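In what comes next, chain A is part of two complexes: it sits with chain B in the first one and with chain C in the second one.
Moving on to the complex of A and B:
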């Protein structure tokens, strides 16, 4: 399967009379996009803000971040099974508005929503401070139950991203990248000398408000399965969770999965990247056993020599991580796991909730319990009072001058377990 | 700025007094630097100066640990140092133990910044890495140049009270305290490189060595539950509605103790969860799902259990450090035992 990504570099987002992309600037007609998103009867009101790199803006509570993309050719549409028809994506041509994102905010759904600072010390920890963000603030109708609230905001974000993506359909790309994965047989014939490597991606599925969707399927109800890596780039996997902000994989992360990119970078040269095994992180022991059995079985079936396993979330999913690692190693397949740590504010506690001697190659995204002081900003988009209750905040996090003292875990994407960042710990 | 006063601790060998045959050399203080102290002094390049050197034979030190430590410490103190450097000991075991003992005693008893240097397999490294910063060195004195280059800037940084970074940045042997820092490459790239190294049998270093876990053996079964007082303790975050003690939704710094005297059922009007790590909808609808007060009241009435303890204890397990959880458990356990509770049902989520 072969996919061409046409990157249209975006320098700015502005509101305008006509929605369009011109000379690297996205212009948005607020009324038109607002009307589209207000079609959902569960959304009482929608408003928009723009947050650019370096601006003294704080966004909270952040639910999801989504990169605008559009299928130019090839089967299917972006976010198949969610807002496009179900069809196998990952081939043909996709245009990307690179440097831009949709950020969904508005009244808090659960506890686990995040903060994005566009400047200052907090900005160093989130990749989204480097993007031109259209912030979509969705307020739910009164009395809307949490599950329906989450779904309404999730879909609004996807729709807004698709709306923006669509503006880039006929624009010439500034750069083109090509990604190709051959069939198993072709790959073996083409690269007989190279080690065969798969990527095991664990998806957050601990339950409502903690779910991930694959072609529209709630992944907690799926068995472990296989994707071509390029399917991820077309939105086959969508975040639907409010898990702790620092180590949840936003939809943006799924579209730009760094493990996929870095394996492709060495594909055909130092390794043969065979595909992606996606597995879930359900809460029941039987599910954990079954899913990790299947990860190991599929890795064996693919005939790989090594895998990289990435995690999403922490605590309970640490057991899934270790099960996957242990069972895959037991098949004689080498593993590297990517995780993050909850070592306490002083860094002195055990970092993971589970461990095994076979997990001898670990990459860490850092200690999420580290305290950080975020100075006041000129402008807050969303609801500042959420700072005291979101995961990583505490009573008194929000100071009277508008500054916030919190654990790193509140910052969206800070300790990402796909290895998206340079942050680490020793 | 005034020059910092540094004191150097070395053994009989590095003082050029002698080898094993002189290992019983008693503590001795000399003005200025001796032996490898010259290289340290040069590397300090005017920011610090070795004002005195304390020398002790390795056998004497280890065989007279308490007395030798006292003697060495007194000599070090007499130089009124701002900074103490011990060794480096490379892979010399007894020298490593002496350097670790001296550096940690200086830090603890004199309150003066102190460091040492050792090869990672020196037994002194394992014994003292949590007490003092030990800069990792090569396994023999051939690594002295590199050791001095690593130890001097670190020692100056420590003496100046600057923020100490992660072990990988600073070069000290990991001491169990996890410190965040920015790597040069992103995590996914490091993972791919680590996997390629592992696949080709090349050396690689894990960023997080797996810990040894505490395993708690369950107590023997309660002989007669119908006579037992049973308490409920949960990490599921069930709190009286409104979370009166503001228990954090993640990384809890405290636990709550609440009176359930006369309460037969937890309802959505009276209780909720403060836990931020699971879907709260069902726990908020009926908190008995996490903290089974209703069933225990039924059992109490039917005589299946002796009685339900008057108080329940609660915290959120979500992202809460093991050290905090341990501290909560010790307090809760003591109170429960003092209150005559026979058994605890511990619910998690």
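Moving on to the complex of A and C:
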């Protein structure tokens, strides 16, 4: 399967009379986009804000971040099974508005979370501070239940991203990247001497506010399965995960998965990147046993020499992570796991809730308990009072001058377990 | 299957059909009650650290275990002991949202715990 990504570099977003992309600027007709999103009967009203890199803006609570993309050729549409019809994506040509994102914000439950600071010390911890963001704030109809509210916001974000992506359909790309994965047989014949490597991506699937969708299927109801890596780039996997801001995978992460990109960069040179095994992180322990059995079985079936395993979330998924690692190692396949840590504010406590001697190659996204001070911003988009009741915030986090003292876990993407981080110890 | 919970919404839940034992106490008290059952030979069926809502944030916890008891299951014991250790680590810096009796927050924490254990029960019932 072969996919061309046409990157259209975006320098700015502005509101305008006609929605279009021109000379690297996205112009948005607010009324038109607002009318589109308000078609959902569960949404009472929608408002929009723009947040640019370097501006003194704080966005909270952030639900999802989504990159605008459009299928130019090839099968299917972006976000198949969600807002496009079900069809296998990942081939042909996709245009990307690179440097822009849709950010959905709003309170679904009282302790909601996720901060993006566009400048200051907090901005260094989130990759989304470097993007031109269209923030979509959806107000639900009164009395809407949490699960329906989450779904309405999730779909509004996807629709807004697709609306913006569509503006780039006929624009000449500034750069083109090509990603190709051969069939198993072709790969073995083409690269007989290279080690075969697969990527095992664990997806958050515990329940309300902790879900992930694959071609529209709630992944907690699926067995472990296989994707071509390019399917991820066309939105086959979509986030419905609104909890644990620092180490959840937003839809933007799924579209731009750095493990996939790094494996492609070495594909055909140092290794043969055979594909992506996606698995879940259910609460029911028998599901964990079954799913990790299947991860190991599919890795064996692919005939790989090594896998990279990425986790999503903390606690319950630590058990899935170690099960995947142990069972794949037991097949004689080398593993590297990517996780993050809740090691206490001093970093001295046990990092994970599970461990095993076979997990001997570990990459960390950082310590989510670390305390950080965020100075006041000129403008807050969303709900500033959420700071006291945000995961990683605490009673008294919000100071009278508007600054907040919180744990790193409040910042969207700060300790991401795909390695999509701005800071490293390298 | 037996459900141990300190969440009134789960205890009262009309759509939750298994046997329930209400624990009058904290999140930690539920974990300890589960550990005691594991000592008596019950097996753990759902993960005690379900949910990304941290132990120092939510006051509610629901866990399902096997109805039958046999010899002590060491995998269950390891998971519950690791979970209690993780709970104690988080409580060194309690954020106490739910513990501050903020009504709207308590309702949301209760709803999340209910939904997560319902997802586990749905898995259990259709297998």
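Everything that follows uses one rule, which is that the second predicted complex is superposed on the first by the 416 of 426 C-alpha atoms of A that agree within 3 Å, B and C clash if a C-alpha of one lies under 4 Å from a C-alpha of the other, contacts with A are read in each partner's own complex, and residues count from 1 in each chain.
One rule holds for everything that comes next: a contact is a pair of C-beta atoms (placed from the backbone, for glycine too) under 8 Å apart; a residue touches a chain by one contact, two chains touch by 3 or more.
Since the structure is predicted, the reported quantities are computational estimates derived from the model, not experimental observations.
Once the two complexes are overlaid through chain A, chain B and chain C clash, as defined at the top of the document. Here chain B and chain C are compared by how many residues of chain A each touches, and B touches more. In the superposition on chain A, contact of A:364 is made with chain B only, not with chain C. Of the two partner chains, chain C is the only one that A:285 touches; chain B does not reach it. Once the two complexes are laid over each other on the shared chain, residue contacts for A:344 go to chain B and to chain C alike.
By the touch criterion defined above, A:109 lies against chain C but remains apart from chain B after alignment on the C-alpha atoms of chain A.
Shared-chain residue A:319: touches chain C; no touch with chain B. Overlay on chain A, chain B versus chain C, candidates 77-85, 113-121 or 311-319: the clashing stretch is 311-319. Across the two superposed structures, the residue set of chain A contacted by chain B and also by chain C is 110-111, 146-147, 206-210, 243-244, 283, 314-316, 342, 344-345, 349-350, 369, 388-389, 391-395, 407. Those residues of chain A lying in contact with chain C across their complex are 109-111, 146-147, 204, 206-210, 220, 241, 243-244, 248, 282-288, 313-316, 318-319, 342, 344-345, 349-350, 353-354, 369, 388-389, 391-395, 407. In the complex of the two chains, the chain A residues touching chain B come out as 110-112, 145-147, 195, 197, 206-210, 243-244, 258-259, 261-263, 265-266, 270-271, 283, 305-308, 314-316, 334-336, 338-339, 341-352, 355-357, 359-370, 388-395, 407-409, 416-426. Residues of chain B touching chain A in their complex: 166-169, 174, 176-192, 194-196, 198-200, 204, 206-211, 213, 246, 248-251, 253, 275-281, 317-324. Of all residues in chain C, those touching chain A in their complex are 44-47, 49-54, 57, 79, 82-83, 85-86, 89-90, 92-97, 100, 102, 104-105, 107-109, 111-112, 115-120, 123-124, 127.
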